[in-house]
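The structures come next, written out as structure tokens.
Each of the next two complexes has subunit A plus one other chain: subunit B in the first, subunit C in the second.
Right after this comes the complex of A and B.
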């Protein structure tokens, strides 16, 4: 199953790190990148996206606001909010918008586990 | 200058050191994951000091210019968190983060961005641990990269007339097999200390029971 995944992070280093992990586990997937919420919304409106990985701490709208918007635009799309800010409050807000919370720095295992679960959810919907 | 500023007793200082230690240990584990080398931490230093003393704790005879990532935090307690390196360590850190794939020109171009993200991960991890342990919620700002002397780093963003005393939580770290040393500092204005004392007392009560609480020393 070849999918399109959107990676949203204002940091190039963070996007590079996700790209490395994705290349290792899903080299055939198409990766789209955005540096902020507006770019991400523009991409999702123009192209169907299957899965999104969204940084929390970004200039402009934060990752939780973006996750809520993405869930409204594409309610079946699995979304993960990624942050080193693992405060209980942030985790609760992520759950409330229906997003998975992943702790930064992302490990290969954390990304793989999220993607495996996301693919299972997408397959169950088809 | 210290009138009206509550002092922390030995147990409160100990609890604060423990919280900072937990936060920074988690941050060190993150840094270790990012660069693949062991990160060694010092015992935390916690105290109410003047800005001048805070600067002198960071500066020494050999190193007077620094590069730092700063994030502000707000909530029941407010202040600034800084990840500070001697200026020369910036490039070495980016080299370690990127695994030696980039040329020196690319590293120099990338330095600012890579430091901001590294600082964001370390400082947010540290602040989030502290917030969770204190059962409070802190809002953190976007990271900002600063260059300059210790004085520049500690005084940037301070409004004139602000109380000269700060609560300084300070820890040094070193990366094995890499020439990288740095400091993590949390600065809180004295207006936050009253809230902090209350949160620390609740934390001590949860951890050790109400019988451990003592009047201020």
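Right after this comes the complex of A and C.
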């Protein structure tokens, strides 16, 4: 199944790194990138995406706020919030908005595991 | 360089620059929550980047800073000078690493111990601030070593005390010598000798503690080394501008194809009469497209002066601290745009002028208070656009330049003789500081490894097609003003022919061209002069200026180009004054770069290279 995945991070380097991992495991997926929450919302409103991978630490609205908004727009979309800081607070809030928490720097395995689980969830919904 | 590393360096530089800006703002307003958050984010993202490229030492060092900032964010610790100092030293470390990455295309090998040392300093309180003193590269390391020697000396019970004592003294002496503090090394040896006799090492420890704490005051004359200013190697461009150029490129292709059609018509025997309207139409379209392209490309190179200004608050802060002169530094007009070439080249002259203001302009605290001034001096760096120029000013409220003092120095260094000096107004006297040879070797700092006096400042600004002015009032302060062209890319020039060779001179220098009859040229002392528009102006032979061997012929009539240099008119005799051209001026390269009097070269339509002359420089030299 070819999916559309949205990667949101204010760091271009971080987006590149996710892109590399995605290309390795899912070369056929369509990848969209945004540098902040506003851009991300713009993309999702213009054209729905299937999965979102969101950085926690961003100028403007942070990744958790964005995750909450994304979940509101598309309640069934799997969303992961990525942060370099393994803080209980972030973890708890991610769980509250129904997002998966992933630790930065992202490893290929962490991304693959999340995506496998996300695909399973999407398939179960269909 | 691999793409990831390249983006990492670029992004880290941007983030470091953002963090530096935030920290300096935070220093002024410690309660600025937005700046604190922004600095935190910048360090955090840098750390994340370091993790991605697997540069573990940097990630570790930045993690330490991030924790400090996190504590400040949660209100556990205050935002104070120590915190800001530590963050700034982290940025120094990051810059050094990024430079190393760029230089060797790989992660630096020795970063791990550096990161360790840095983190130890973070834990050891405010030592990091001392380590950041400008001009002394590895002071932190040296001090750590000295501290170790102190610990060795403190251990009086261990085995082989005498041997350890001697070794520690030996090491400490060498460290002090390496730091360029031989007097202290000698002192240490002397104290050690007396301590050895009495067995009381308290004096020795006190001496070492002083040596560690001494703020190595930079030598007055040499001045502290300037923080490194690295060139902006990438250019961020609004995507809209690129799109527009892409569109223009498309239109140019269409125009090219249309021209091919005209060529076909000509080959098939179309008459000139028939071809003319077709070609004329194409030419009009091409002229418009080329002009639009030129404007757009120029637009790409336009940058805000912030790019160069943003490094100065930090530098002024460090320098003011090391000179112990409290200074309020303000900037205005950072958003003023200028051509990238101008922005890139302004850093060095501005740095020099700012350092002069701090070093020579601003008085010591006591002197300021004695003169009834505020203890805190003010230095302002401002920029504004004036027509086709960008004007940049550095103003201080220091002691001002004393013309009497300048006269003394000028006389002493043989810049002018006594009679010449008496003829000068105070303003003209002050301007002597721009003369080559005015700055003594002692004042010449090794900015970027070469000597820089005010004459070098003037020469850089002139190379950019600009001018430098200075205003100063004794006791009230000094203002140095640069006026540089907004754009350096397209320069209107006039061509002149001298001894059969074509040269260009910037049109802004040209007052008029004039035919001079032999009898209009009158002797003036050993030189020649003529009267134009009621002014008596000196005449120079173009061939003399350009050191051509060809003797000027005796003609009935001469062609002269009247140029203005520093408010004075000079008539230059040429074989022929030619047309006005708009040229793209390239900075002089190769052999020309070291030849005086050349501001650049331009490619002419027929493929010839036009050498564009720097008249003030040429006439100075002649």
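The rule is simple: the second predicted complex is superposed on the first by the 126 of 126 C-alpha atoms of A that agree within 3 Å, B and C clash if a C-alpha of one lies under 4 Å from a C-alpha of the other, contacts with A are read in each partner's own complex, and residues count from 1 in each chain.
We adopt the following convention: a contact is a pair of C-beta atoms (placed from the backbone, for glycine too) under 8 Å apart; a residue touches a chain by one contact, two chains touch by 3 or more.
This is a predicted model, so every value here is computed, not measured.
Colleague: Given the superposition on subunit A, are subunit B and subunit C in a clash or a fit?
Modeller: Aligned through their shared chain, the two binders clash on subunit A.
Colleague: Once chain A of both complexes is superposed, is A:42 in touch with subunit B (first), subunit C (second), both, or neither?
Modeller: Neither: A:42 stays clear of subunit B and subunit C.
Colleague: Looking at A:89 after the superposition, I want to know if it touches subunit B, subunit C, both of them or none. Which is it: first, second, both, neither?
Modeller: So A:89 only meets subunit B here.
Colleague: Looking at A:57, would you say it contacts subunit B, subunit C, both, or neither? Reply first, second, both or neither.
Modeller: Touch status of A:57: both partners.
Colleague: State whether A:11 touches subunit B only (first), subunit C only (second), both chains, or neither.
Modeller: Both partners, subunit B and subunit C.
Colleague: Between subunit B (first) and subunit C (second), which does A:107 come into contact with in this model arrangement: first, second, both, or neither?
Modeller: first
Colleague: Per the overlay, which chain contacts more subunit A residues, subunit B or subunit C?
Modeller: B
Colleague: Find the residues of subunit A that appear in the contact set with subunit B and again in the contact set with subunit C.
Modeller: Shared contact residues on subunit A: 11-14, 57-59, 84-85, 104-105.
Colleague: For subunit B, which residues count as touching subunit A in their complex?
Modeller: 30, 33-34, 97-98, 110, 113-114, 116-118, 120-125, 127-129, 131-132, 137-138, 140, 142-143
Colleague: Subunit C touches which residues of subunit A in the complex?
Modeller: Touching subunit C from subunit A are residues 10-14, 16-17, 57-59, 84-85, 104-105.
Colleague: Show me the residue ranges of subunit C that touch subunit A in the complex, using the header's touch definition.
Modeller: 3-4, 7-8, 11, 38, 41, 44-45, 47-49, 51-53
Colleague: Spell out the residues on subunit A that touch subunit B in their complex, using ranges where they run on.
Modeller: Listed in rising order, the residues are 11-14, 57-59, 83-90, 104-105, 107.
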